[in-house]
Each structure stands twice: as structure tokens, then as C-alpha cells.
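Single-structure report; data block below.
Every chain is named by a letter (A, B, C and D) in the order it is written, and numbering of its residues begins at 1.
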């Protein structure tokens, strides 16, 4: 299946399908789609070797807008279907597109297992903290108190953190990005693609219609910078407009602390350095939230292991094994 | 439903049903059953107010042997059914009995959601790292390489850690015990019962028929002591036959280190003290495994929050609200 | 039927009228439709509505797939369908015209907003040429108004942004239409004032638009095109009325079922179109003592309801076809454990994700046959929006009386449509209170009532009745697990007999129109009621010997149905599926009933029923 | 039939014999049964087996619910069932006697191990009095041996522990039975040597026990009770033989289907009794190029297979009723996306968890009707263990040729039973190679073959054929999403026509015994084949005009079936369910076919078929 492709250079347009894009005007999904279409040529992807598998939801319409192979399946099951695709043909680049409802409500179990098995696929979870397609009910990531048609007095569910869940599920690549921030999103997609094994990417996606601005605390172009931190392996965990803030482990505890560089004698060299191979650190970073802490973006965790499909296919077909051989194998006797 | 019960004292026998117990001779399930039957009277439980809900599996036969209310349901769905029971009648003590297959394979999603919602139930997951009832296929907790009828060349799946999963799922009570260790198991059951909200307890359970001795490294009566640590809130994390070992945070990192007290100048006061309210610590403890580290037992994490059923039932029925009132509500008009 | 009685558009006095409002989904079409329906109901007319949403949440403005429509049929006589063909089509943009134009009846009135017929919009709608140059429009009564401009003029003084101002277009149009049919603006004005109470300038703008639209009709002389229509004054039965959608009626009926059975209502549900509205409705009713649980998926939803039933409540779960498919295994548990449960299926177009916003009746086989094992359960179905109330009560009655899950079939059309409803006297409903068992003497969980065969229902919390149940086969005489061969046969028979016994407890099937025997019976179920009824009415008016039979009880079928059907020379069964009730009736009665099948996601037209009956009579 | 031809226990020469081995599940009963079957097959007899496991993994020793049994019917003539009533019952403990005693035919031989009939064991089995004092035993040929002691004596010199020594009881018994029927010990001895190669003292002990049991028969004079039986020598067709269970045959057939279609085989499965054995079998075959995936649940299992099909493989999923219930929604996706898939349902007793280790045919309705929407798919069923091979190939053929999921029905009896199988010449199987589309010109994903109506199959990795599919309705002419009303009808019709068209591509239904018209047809499907066939054979031998028709194709039904059935005065349909094929035939043909129904978890007895036929002929 390793297609020898003509060497022409592809660009974003080559990854756009002829279907009219049907999200609400202003939906964050548009930005993600654009970034994906721009990023794929940059990583040398070929439309014929690329497959997008999605469940059901606004986000899950994504495959229709790509000129690659695509399968818009049923609610919550994209990881299972994608596993079948990847195990069948490990040469394919398989991307899973899912939402917070699709991937963590009805589909939570398949998400758990595709991650722990480490099937070499990229999972992009468009988290808008709402069920968009079904007109705005609260989801497992919705903030408590959110009023929706199914929670008119405000949601009482305590939410789940997608990245914390993925880390608990033994995922070996966990990252985060914001829909409209093209560059960081693109670089996270590239890292996810490069990672051999299951990559989990949470994308904060704004639903303008049913949950507008739910992430604006940290995504706002003006004020967001102070509330988001881009983590990078081997680099101190600092942020803010002037990189003035940093993270420490509160001495003698297992808790993070926010400090200002230059205050209380803190210098840049005191700041905790990001180690993306440390699951504990990733878990702590994933748990950070406002107002006291910034939201962590970028690759929180990356610690590769054998991809599942390689292990599954470790036993190749032995020469001569076929039905005839099978029929004659084992205990037989002849009547003559 | 708050039954005013006669004050007679109950004992273990009062919690045993008249059904013959039908597990394989030597199965760890027997010990768990015994401990449960002994523990319930000690915490003042009443058979009429106690409900055991299980899925399908050897472990899930448990309810039949209790003289309480019991519901042996379908594979993987016990958390959902138990949620319905508890939301319907918060006065009931609801225990969920499940296995590693029932609770983490087919039932992983319901497990995730009952934990994150924090429904006030006790979840006991009998982990024998195998599908017992269906005659011994590998499960999501099986060790890699395990040969079973469905993995004749050895399982290639990378397993999941039930406690790490529960912590990632935002569980607020996570504990561990060994089937045949009556006292620690009993005290964990008591803590789980006392905890308001979802309590998750992993019980290492030996399947003598299909996965015998899989935990013997740390459960063996003779050699196990050096390979298990009983954690206790506020107490230093030490273990070993003579409590000679202890845990530290490797300075400047987010990694645990095993030390021997008295060696390299380490004294007991240097040892990390268990803080059961710290999710990071719990996550690190849950991840420990042999041969370098002991297996952590006891209450790894406990940090109570509002139980879900209280939030659900926060709006009481308003006086006068009934069908007639409903029919007459809103916009109506009269034709006369 | 509308089209038959109002042949000319110039007629001032009508029996009934069908209006179809259409525009971009951002144009507030559903609102206009709803408010017009309200005014009309208050006026005393009977009516039936059919909201026709796009599948997308918000498709790009101006595209054909973003068109939203709302059809209403109203008049003084009995109205049973939303009408075959609109008499009046309101098209607020070119895409709306494109999608709906064909439906307008010949000679009907077409009202368009020329302000929205810009070149850009025309192109977006996919027209090659200017749509108004279409020859087909020659035969319609075309009214061209620049509603965009008229609205902006009307609201200009309020000082809104252009965008906000344009939002009032729908209300302006509503004002005009209210004038056309002599309906009062009061309820609309009231609604505007309450709705935007916190934004006085929005109230002001909308009121101005409403009045301007109305005044426009009154003061402008547009010739024959724009004129006022007079419908005969209705004389409905006296009583208290409201309009109600099927979803509301179902939600209320479930609550009524709980009250009549003296149980708490527990809903476990997971959102899915078109069933979510029942969840939404019940979610607003927590102060009525309803426990609502939005589960993580459909399986958890039904399982939580089963848990609630085990704990002594009326467990309910609501979904649509794909969601019900997921519930199959759990339904089997409820059958085996003999727990009461109501499963509402608001059917949509299949297979698979299918056509989520369109209606179909294609889950009947799933409801009756779709489980592993011999797993019988009762199935009931509702025929009109208001009927959902009574059918939900009936489902609750059967579930609790017979300790069984019951499937209630609705469909998207029923759920979303509304009709005026004479509020029933709830005291006239027979209660069916449940008594949970309390007596330990002689108890075991599968002790059966000798008459109904229902097992007794003991609830956790009751001293002395502790017991264990599950999905394994149970001993008939003790309720303990049993693998015994003869016992399995006995229990299988008991489960069948229990459900079959319900025949004796449901009304004999009636003939809702026509004679009890004769040439042709048209047998239907569900939302096709109106179309079939009107069709049969027309046929009978022409002197043809046709009867209409409409089933509420799909399983078990009424005791007398076999004999009843045998009294006709011919039986046809119109269904919005490929012939599912047909299969059932043929298998049960070995009668050569014939299907009339339509699987387009659209309801039957009255004319289709009439034609099918004619054909059947001829052959 | 056995019972008819071997009325006296003293007969030395028999046509066929039924032996039932029974003992504690720890006694190695299944092993004894299997090994006896093997020796018998090697001897050249035909045979049919019925392993009857307890539901518990290992119930406490000595209890009735821990009893394991293995029944084998063998002889020189054609053997089709495991036999109605054992001629010989071996009971290795009191519980085994208790559970099985009633089945022994009058005058049959009962062999018991008196060493196991201790007071404790007798009590554990629930006997009030000593079981051998039971009057009912007067009419049987009772052979009491202290097998426990005889075994211990035989192995005493090897120096095993008592526990290990006792484990040889089963092999001692096997030795004796092999002697009784003149079967060779060789294959058993070979097996012992290979199996325990690493434990020479275990080999030694078992060989001694085997020989001792055999010698015991040869040397002991017990009177008429214990004697050697001579069966006529079989003359089977010449060829290469093996024994095969239904599970093995199904696994191999699926693999053969992949080879014939030139595809890779992908299995996505989740363990469930009694379907797991197919998974186990395929799991041993990774070196045949099979991709095996044990999924997290049944939904993931089928979804992975759908993914594999999308990627161009033969996707297969195997399960039993409750698991298939969970797959329902995904099956709908495969129908809508028109992807090939084989879904094997090894049916078990329902409803719900039901009787997991017992067989039933109660998932036919689920297979044919059990989905939301109008969602047709082909259903095939296997009749004997070896037939599973051919039917799995047929399922693969239909799936790939018509681009559709296919359900293959088996049941627990078929899956676990074995029979000697003349290994077919695989070259005689017609290949049905799939060609994935490669040509971009004119491609769209829902282009159909004009004859089969199958859409073309393009696979990811193919340049120029990139496309998107899903569960929403698709435009007939482009494959893009379409909400168009007329298109939905067209696609619905196309899906029905495609599946109905299969009628033309399957063999005409044959009559497997008897005339093509006449008084009575007995119509069956699945594992009831043997009982029906033997029953009809007996009836015909008595000169009665009865025919046996056995269906492989459940949906669509063979083209000629209607006419065929109309040629009989009466049609009865024996099924291990409450009448599911009956419903289907009645609905299709409006024929008054009557069900003969048994839902006990046990197979039909030949005598039950005979009796039902007699009744039908009389009425």
C-alpha cells in the first residue's frame, strides 16, 4: 500500500474537498479545518494515504471537507472503527475527529482503549464543552452551572478533564491547542502526527451558538496571554506577555506554585523545566486552571512505546499457509 | 425509606443468603465475600437498606450470596443501573461489584462517568487480570505476554491501571486491597462506605483456575511484605518487614525514590508523608509497581465533594405541583 | 380538504388555509410560525403544524440547505394534517423559494421579500436565472414586497444597529399575515414584551415592525393580490384550551402516568434528534418531583431507568431509532427481570444516522421483534400530538400493571407538530396506583398475580423482602437461578402469556371512520392518522365504501382485530416505511393486506391516501 | 433411530449407540468424551456429539449444578443427532446420576463408580435415600464398579499423590468403554504421551489406567451386565477425514471465504459463551495471515471490523445474542455505508443473559427484523457442525459480492458438537475474488453494479479515489449527503432491491428428504437438522407422506420456496424458539404454517419431531 506518489508539491487547496462547509458562521471548527489543510502538505501527507474517521457531532462533519479518505461513522465509535482501519493497513495515516460528547460521553470507553492500546492514530478532540449538533445540551466537559435545554437550572455534573482522562488511560502523547491559534495548533498537529502510537490532542473550540466565549479567559487575544502557558520540552515553564510568570514545585509538597520572575528573589533558573516524558508533570500541568493558574498548551506528554498495530502484525503469514494446508493439518485419517 | 430498625445486633451470618456459593474452590472471591459479610454488621448496615448491583462475570455473582437486596444485571452496566437506584432512593447503601473485564473493558465508560459525577456508591472492582467466567481470555489489566485462549502467543495489549484510570476520571476516593487480607480489606471497605460520593476500590483477586498467582509477588504471605506498602494519611510512607524502606521525592524531580532508612543518612523524618487529599501523590502511588517499588495498598486518595444524588435532588417537589396544575399552566384560553 | 375547497385565490371566505412560512434558518421562521399558530388557536380555529427544520444547526446564510420552514393548516372545521399543498407561501429569500416553490398549489399566493432577492442571494440559492422570471410563477398570485426595506423604515427611529433592525423582518411579516387572516396581534405583542423585557429598545422595534406589517395590509391597496381572507368562525367545543406539541404531550403524559400509578417519575435519557425535546420538557419540571438524569449514552440512560424501576419508581427512557438500537440488550434485561419501564422512541429516518430531522415509521419491526431471545413486550403508538398524552399514560399503565417494559412509538412529525388541545378533566382519568409489596410472608420475587401474571414488586428498603434478581433464567417457583429445561419452557411461556394477556385489558379496536365491514379498510398507526382520516373522509363523501381503522396497540394487537379486518374485501396499510405493520398483520392473520409505502422522510399527503384507496378499490 | 432398533440391552450387534458420560466438572468428562469420539471416528463410524457443560466454571465438587456431561451417538449408518436417550450412561458420582438418570432409556446400561457413592456425595447431590435403592433402576442394566479403587490400584506403583492418581479415573473409564465397543486405545495413548510429554510419571499413570480399564473388561466376568458390543462395520465414503466442531468449521470457513474472495481476514470480537471458541480458533491462526482483534466490547468489535472492511478487508465479528444486540446500531451503519461484513451469531438461551451454555434458535427475529429503519440484510444459517464451513463461505460470498453485512446464525449445540468430516477438495470451491476499484474515471462511492446493485469498493490508499462515506443518507447519483425526499425513497428501494436480488443468486430450495409435494412438509433451519431428518426418515419408513425441507437461506428466502410449500397439504416448522421462522413464512406466503416450538435449552428429540408430524397428519 506504500503508494509511490508523483513528487508534485501539494498545498492546502489539495486537501479541501468540493463540499460546501456547513458549520455556523464563526464556528471554531473552520479555523481547525484551515489549519489542518495547511499542515498536511507541510508534513508531506498524501490525500490517498490519509483517512479521517469521525463520530457524530458538528465536529464530526470534518471529514467531508477534506479531500482525503473519510468515514463519518456513528456516535462515539470512531476510535474503534479507526483501529480497524489502522490494523488493516498500517501504512495509512489515520486521524480521528471527535467532540467532547462524541469522544468522552458516549465514546469514552473506546477512547480509553485506543489510547491504552497505543494504536498509531491521531485523536483530535474538539472540546467546545457542549453538544453542538443536538442544539446545545451540556456535555461531560461543561462547566458546572451551565444552563442548557437539559439543564435549565444549571448543570450539576462535575466535569472531566480530557487530558487528565487521557493520561489516566495511559496515553503516551497528550497535547492541547486552541482552534484559532494557527501556529501552535499546527505545530501540535505535526508533533501528534510524528508520534508513533496514539496521540491525543484536545482542541479548545468555540461554539458561537450554544457556548460562546466559554474559553475566552485564556483564549482572548488581548487578555489571554497571561492565562495560557505554552509548554516546551526542556524549557522553563514560563508565561505572560513578558514571560514574567513561572511555575515551581512548592517545596516539600507535590503542588505547583505560580511565581513572578524577579519578585521574591525568583530568577528564571529557579523555574521548573518541562519534561514531556514525565507523566506526573503532565498530569499536574493538565490540571491547571484559572484564575490562579494558566491553562497549559502544547505537548504536555510524549513518551513513545510500540504501536499496537506493529505488535498485532508481528506474526507474518507463513509461506504455504492456506486453506488447503489448514484442512490437512492436525489429526486426520483416511478411509479407502 | 429511613427504616427504623429494631436494635438487634446483626452478625456476618445475617448477611449471608441461602444460596450455595458457586465459585471454584480456592477462588479469591470467597475471601472477599466473607470480609464483606463480616464488615457490614460492623458498620451498622441493614440488609433491607443495602443493595448490591453487579454486572456479569464470576465476581458479579457476588450479590446472590448476600442476604441484602441484589441485582445481577448485564455486562458492564452496573454503574449505570446503580446510579438509577441511588438517584431514586438516596437512603439506600449501594455497592457495585464488578470485574476487570466488566468494569474496565465493556463497562469502562460507565465507570468513568459514575466516578466523575461522584454518585455516592461504593465500587468494588475485583481485579484478577482475566476474564474468569468466559474461561480465561486476557483482560485490559492482564500483564503483557499472558497466554490465554485468545492470546495463544501472549497478550500484546498494554494494560491499564484501574486506580490510575479512576484518578484520571476525577474519582474522589481511590483505594486498594488484597482479597485474602481480611483486616486491611475490611478497613478499606469501611472507609469506602464512610466516604460520601463515589468510592473506587480495586481488590486484587486471585483466579486460581485461569490466572493463578499473578499477584503473588506482593501478596505472598512470606515474601509479600517487602513488596507492598500500606499507606495511611499523615503517616510516613514506609514498608518492609521491619518498616525499613521508605519513599522520597527524588530531589528536583517529580519522581519517587525508594530508600532504606538508616542507609545513606536517611532517617524516618526524611520520608514522604502520605497526604490522601493530594491527587498527584495518589497518582504516583498508584503507578508504583515491582520489582523496584512496592504496590501501594490502602486509601490512596480521598477528597470528598458533593455527592451527585444530592445535587440532583436539590430541587424538591413544590407543594401543589401536580398534573392538574401542569395542565393549567402556561398559555391557555377558554372557549365558551 | 383544503385544496379541494379553495380553488381560487381570490376567494375571500375559506374553510381552511395552509400557509407555509419559509426563509433562512436565521430568519426566525419557526418563531413566526409558532406565534401565528398561537394567535390562530386563540381565535378559536383548529390547526395542525409541521415545522420543517434544516439538518444543520446553522448552515451558511442563503443556502438551500439552510432553509427553515413552518407549515400550518388552520380553519374552523376539524384539521388533522398540516395540509398537502400550501395556499400561501411566504418566501423570505431566494433559497426559500427554490426549496418550497414546487409545493405551492396552483393558483396559490406567493409572498416574497424582494429586498432579499439580491443577485448574490439568488446565486447562493443556485438559480441560473432570476427566479421570478420562471414561467411556473405565471399561475400563482405573486406579491412582491421589499419587506427588508419596509422593516428598516419601521424600526429606524428606535436606533438599533442594522443587524438588529433586520432581525425584525419576521415580525413585520407576521403582522401582515395576521392582518390577512384577521388574527389578533395581542398575544404576539404580549410575548414580545415579556421576552425582551430587559431590552426595551428591542421591544419597541419589534412592536413597531409588528404594527407596521399589519398597517401595511390595512392601508395599502395592492389590488387583488394582497387581500384579507375571511374564514368561517369556528365553533369549537367549550372548554379550556392550549396548544401542545407531541413532545410536550408525551412528557406530560409520562408525568401523568407517574401520578396515576402513584410513583415517582425517573427519566434517564441521552440527547438525540428528534427525541431531545421530551428530555428538555421534563428537565424544566424538577419542581414537579421528577428526577432527571442526562446519562453518558443511551445504554446508561436505559440502565439508570431500570435501576430506578428496581428501586420502585416509574422508569422512563426516551430516544430515537439509533439510540433505541443501543438499548436493545438492556430492554432484554428489563423483560427478564420483569421490571416496569417506558421506552419512548421518537422515530426518524433510517437506516443508521439516516435523516435525523425527518420522520419515518420504520422502527416498528425493531420495537416488536428486535431483541435476542424470545423477548415479548407491549408496543403502543400515538396518532396525534395531543394523543401522545393519553398514550404515554397507557404505556405507564401497562408497564406497572404487568411489570414489563413498554415501547411507545412516536415520530419526528408528531413530536414537533402542535395542535390546539382541549385540556382534559384529569379527574376523569382512572388511577392505577401501584402497591409495592410489604408482606414478607410467602414472598418470592417471581410470585405472579394469577390474573395479570405480573410478578409482585418489592422495593429495596423494605425489611424482610430482600431478594436478588438478574438476567439469568429464574425458577418459576422460587425466583432463584435455574438452568432446568422444563422450567425455562415454563418461564418462556409465562412471559409470552403475560404480554398476550394484555389483549383482554385493552379496548376493542374501533373503526374511527366508516362502517365496521365493507369494501375497503385503510389501516394505519401513528402520525399518518390525519392524512388517512382526511383521505377516507373525502372518499366517503364521494360515496365510496371505505373505512379508517387506526391502531394504538401494536403489540399485542386488539382481540377483535382479526375478525374486524376479515369483514372487509380489501385491507390496505399506509405506512412511512417499507411495510412493517403489513408484515405483522399478514403473519398474525394470514390476510392479504397490502402496504402503501412511502419512505421519503415526508408525511403522507391526503391525496396519496385517496389515490391508493382508489387503486385498491379498482383492482 | 437408536431407541427403535436396540430394544434389548443384551443385543450384541447394534446399528448405533448413544453413550452419555457424566461426572463432576472436575472429573475430565469432556476429555473422555472427546477422546472416545476420536477413536470412534478413526474406527470409521459416523458420529454426533453434544457436550453439556455446567454454567459455572467450577462449581463445588459433587453438586448437581457442577455436573458435566458429554453425549455421543455413533454407528456405521448416518448419524445426525447426538441421540434422544442414552443407551449407556456412565455416572462417575451421585450428582451425575441424579441429573442424568431420567434420560437413560428403559433397559439401558448404567455404569456407576461406587467408590464415589459415599454418603457425603449422596447427600451433596440432594438424594434423600441411597440412589441405588430407587425402584426406577430396576429396569436398567446396572453395573456397579469401584472405579476409584480400581484406578488407584492401577496407578499405585507410579508413586503419584492421591489427588493426582484420582485424576486418572476418567482414563480408566475410557479404557473400559473402548473395550466395550471394540475401539482402539492407540489414539488415546498417543495423545497422553504428547500432552504430558514433560511429566513422564503422569504419562505412565494414565497409560496404566487406560490399559487397566481395558483389561478389566477383557478379563473380568461380570455376567450379562458388562459385555462387548459389536456394531456393524461402517463403510464410509473413501477420502481424508477429520472430526470437526461447528466453531472450528466456522472459523475455517471464514478463512476460506477470505481466500476465495482474495481478501485478508480481519476478526474483531469480544468473548462470549458460546461464541468464544471461534475467536479462540482464529487466534491460533495468526500465521495464516489473519488479523485478530479482541476488542473492549461488542460494539468496538463490530466497529473495528467495519473499519477493516472500509480499509478493504473481509471484516468479521462473532458473538452471541446479547452481544449481537449491542451491535445493532453498527450493523445499521454497515448497511447504510454498504460495506461487506460477516456477523456470526452463535445463539444461546434468552432472553437477556438467559441460559448462556444452552442452545436456542431465538435470534432469528433479531437477525431479520431487529434494526431501526428499513435496514435489510441477508441472513444465512448452518445445519450441522461441518456445514458451518460452507455457510461461512456463503456468508463471505454474499457480503463481498453485494457489499452488505450478512448475519450467519449458528447455535451453541452446533458450535460445540463435533462430527467426522470428509475433508472437501478445496479446489472444487468456486472463487469469488473481489477487485477493489482502481480507476478514477467516472468514480463515485455509490456507483452501483447494474446487476447486483452492489456499490463499487474503493479502498484508502488508492490515488484518485478519495471519498467520504457515512451513515447519513447519500445521493444516489453522487454519493454525497442528501436530504432529498425522492432520493431517500430511491436509496431505500435500492437497498431493498439489492438484498432481494440475492434470491436469484442462491440455489433453489431443495427437499432434503421425501417428495416435492405431498401431505406434510417439515421445514427447519439450523441445528435441528439431524432430529428433523431422522424423524422424517422414520416416518417415511412407516410409509407416511412426509418431507423434510431445511433452509440455509433465511433472508432472502429462496425464490421457489413459496411454490414448494404450497405443494403440501400441511407445513409444520419445528424451532427451538417460540415461532420465529413461522412468523416469517406466514408473513411472506400467507400460508397457515404451524410452529412446533420448544424452548428448554435442549435440542429436539427425534421422537418429538415424529410425534409432531403424527399430530399434524391427524388434524
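Keep this in mind: contacts are C-beta pairs under 8 Å (C-beta built on N, C-alpha and C of every residue); 3 or more make two chains touch, one makes a residue touch a chain.
All values reported here derive from a predicted model rather than from experimental measurement.
> Looking at CA centres, what chain is most distant from subunit A?
For subunit A, the chain whose C-alpha mean is farthest off is D.
> Of the chain pairs A-C and A-D, which one is connected by the greater count of C-beta contacts?
Between the two chain pairs, A-D has more contacting C-beta pairs.
> Between subunit A and subunit B, what distance separates the C-alpha centroids? Give it in angstrom.
Roughly 30 Å, centre to centre.
> Based only on mean CA positions, could you tell me how far subunit B sits from subunit D in angstrom?
40
> Measuring centre to centre with CA averages, how many angstrom lie between subunit A and subunit D?
Subunit A and subunit D have C-alpha centres separated by 45 Å.
> Listing for subunit C: what residues touch at least two other chains?
Residues 65, 286, 292, 296-297, 322, 329, 332-333, 337, 352-353, 470-472 of subunit C each touch two or more of the other chains.
> At which residue positions does subunit B touch at least two other chains?
Residue numbers touching two or more other chains: 56, 74, 105-106, 108-109, 112-113, 140, 153, 157, 312, 315.
> Which residues of subunit A touch subunit C once you look at their complex with the stated criterion?
Per the stated touch rule, the residues are 20-25, 56, 58, 74-76, 105-106, 108, 131-135, 137-138, 140, 149-153, 157, 209.
> Touching subunit D in the complex: which residues of subunit C?
Checking each residue of subunit C against subunit D gives 55, 65, 320-322, 324-326, 328-329, 332-333, 335-337, 347, 349-358, 360, 362-363, 365-366, 368-375, 470-473, 483, 485-486, 488-489, 492-493, 495-496, 577-578, 580, 583-584, 586-588, 590-592, 598-602.
> Contact residues on subunit A for subunit D in the complex?
Against subunit D, the touching part of subunit A is residues 1, 3, 5, 17, 19, 46-49, 51, 53, 56, 63-64, 66-74, 77, 79-89, 91-92, 109-110, 112-113, 312-313, 315-318, 321-324, 326-328, 330-336.
> Using the touch definition from the top, list the residues of subunit C that touch subunit B in their complex.
For subunit C paired with subunit B, touching residues are 38, 41-42, 44, 187, 236-243, 252, 255-256, 259, 264, 266, 268, 285-289, 291-293, 295-297, 299-301, 303-313, 315, 329-330, 332-333, 337, 423-424, 426, 460-472, 480-481.
> For a test of understanding, state which residues of subunit A touch subunit B in their complex under the given definition.
105-109, 112-113, 116-118, 140, 153, 156-161, 164-170, 249, 253-255, 275, 278-281, 283-284, 287, 305, 308, 311-312, 314-315
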